[in-house]
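The structure's right below; bear with me while I get my questions together.
Order as written gives the chain letters A, B, C and D; numbering starts at 1 within each chain.
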Amino acid sequence: MIYHEEKVRVRYSETDKMGYVYYGNYASYLEVARVELIRSLGLSYKKMEDEGVMLPIAEYKNKYLRPAYYDDLLTIKTWIREKPGMKLRFDYEIENQEGMLLTVAETTLVFVSMETFKPMQPPQNFIEATQKYFEPARRERKN
Amino acid sequence: MIYHEEKVRVRYSETDKMGYVYYGNYASYLEVARVELIRSLGLSYKKMEDEGVMLPIAEYKNKYLRPAYYDDLLTIKTWIREKPGMKLRFDYEIENQEGMLLTVAETTLVFVSMETFKPMQPPQNFIEATQKYFEPARRERKN
Amino acid sequence: MIYHEEKVRVRYSETDKMGYVYYGNYASYLEVARVELIRSLGLSYKKMEDEGVMLPIAEYKNKYLRPAYYDDLLTIKTWIREKPGMKLRFDYEIENQEGMLLTVAETTLVFVSMETFKPMQPPQNFIEATQKYFEPARRERKN
Amino acid sequence: MIYHEEKVRVRYSETDKMGYVYYGNYASYLEVARVELIRSLGLSYKKMEDEGVMLPIAEYKNKYLRPAYYDDLLTIKTWIREKPGMKLRFDYEIENQEGMLLTVAETTLVFVSMETFKPMQPPQNFIEATQKYFEPARRERKN
């Protein structure tokens, strides 16, 4: 399992006339969380694209439990729970500054070659940076 | 069942560096489709809010099958398949100008009083404008 | 002079907690107006990019006189008043459905080769499609 | 004079198919810079709105000298050079992580009462928090 926490401050541009964060704008918060999780592994999503691999979204689900408001300082908790293959799934929980759970979301991304536009296995450096979080060997180490 | 079709042209602002429509921007296409479905019933979502009832999103799911590109003329097919109660569910399919299915989505909204901020039954004019789409089918089932 | 009118309906996603259209979102309305003006000339901005020429923005000014609100049906009046060279300037006025002037804006774009990333003269088909609007011969027609 | 520097990381959602930050998205970067400048004075724009005063934009200008790219870490330098009255002007320069100047912008905002929707002088706590940045210079000028 890989876990990362990221803080995002709600911008005025992200609110709507209801006074809430517009439901479509959570997508970019989750993007920030994903990208910073990847950076925390010593990798760079930008570099991955520069090297010919992109990660488009295949599926996105979001349950909006409570609204986020302007200027809220959100904490986005992000998990990769399954070993990355051609598909890479992220689970998220977003909390506000009072620790209230606002949304529960998940996204499934696919590693795609920018040459062939076909799904592919994760690039070698991604496999190397993430495998220790999923290897059975990790459990053994505890013994 | 209520069905509506709406066309939306992809704006440059909605694309990302992948050259695709950013996955978060489909939310506003679906909003346009919902709002125009409601208008096609002789109602107005704006007026509903002016009269103290809003429809925040409780849940959103989207499967991205194929990308939409800049300047694509999308057709958003929208269905309300279940009789509206406190919850109002919309199902969507988005096709491009070649008739290719790009995304399949659903949103669940909740009627909320802007006075009490609590869920409520649909306003009277909404019930009246929509009941004919659901009642005949119900009667037939009883035969 | 080239003139074009375009209608745009304000989306919920484009409003902010003030209940107004967020000031940054006018940029995409102006983009729609520009692109449709170009389409009205029998050209396509998308095709222009496919053929290796892009039109990034060099300068943008906007005076916000009155707010636009959710669901407003805006009319964007767009002018090209000067013969296009390497620079292409658009002037805009946005009115709401009551004919009230909301904003006055201008953008200056630059024809840029996607190969060299350097400014260039307009592509041949752009020159041909626009020159009649600026030719002195036009004045003669009035005689 | 009041000066503040703020860092903003370019999100994928903010890029367009040109690979640049979409010209409309700078508006929200400038908003972040303004709001954090205000916070650095010990004030809160959110609180100001809660207390009945808002700051809509009256005018916005932006010169785009060089593009910002995905994942760039931008520095937004913000100045209030004139003592705030009913109008409040901010000047901005945005640089990328290599110190290259990307855009030069300015916005003029107006203090507006949320009760009367009319322009007003800045609220008392805003005057108090900002006057020291402008008064010394004024006194010197008088000598």
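In the analysis below, a residue touches a chain if its C-beta (ideal position, glycine included) is under 8 Å from a C-beta of that chain, and two chains touch if they have at least 3 such contacts.
None of the values given here were measured: they were computed from a predicted structure.
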{"item": "Chain of greatest Cα-centre distance to chain C", "value": "A"}
{"item": "Rounded Å distance between chain A and chain D, as computed from the means of their C-alpha atoms", "value": "30"}
{"item": "Chain centre separation in whole Å, for chain D relative to chain B (CA means)", "value": "36"}
{"item": "Chain centre separation (chain C, chain D; CA means) in Å", "value": "26"}
{"item": "Per-residue multi-chain contacts in chain A, two or more chains", "value": "12-13, 17-18, 22, 24-25, 27-28, 31, 49, 70"}
{"item": "Chain contact graph, described as a line, ring, star, complete graph or other shape", "value": "complete"}
{"item": "Residues of chain C touching chain B in the complex", "value": "9, 11-14, 27-28, 31-32, 35, 44-46, 49, 70-71"}
{"item": "Touch list for chain D against partner chain C, complex", "value": "17-18, 20, 22-28, 31, 49, 54, 56-64, 67"}
{"item": "Chain A contact footprint on chain C (complex, rising order)", "value": "12-13, 15-19, 22, 24-25, 70"}
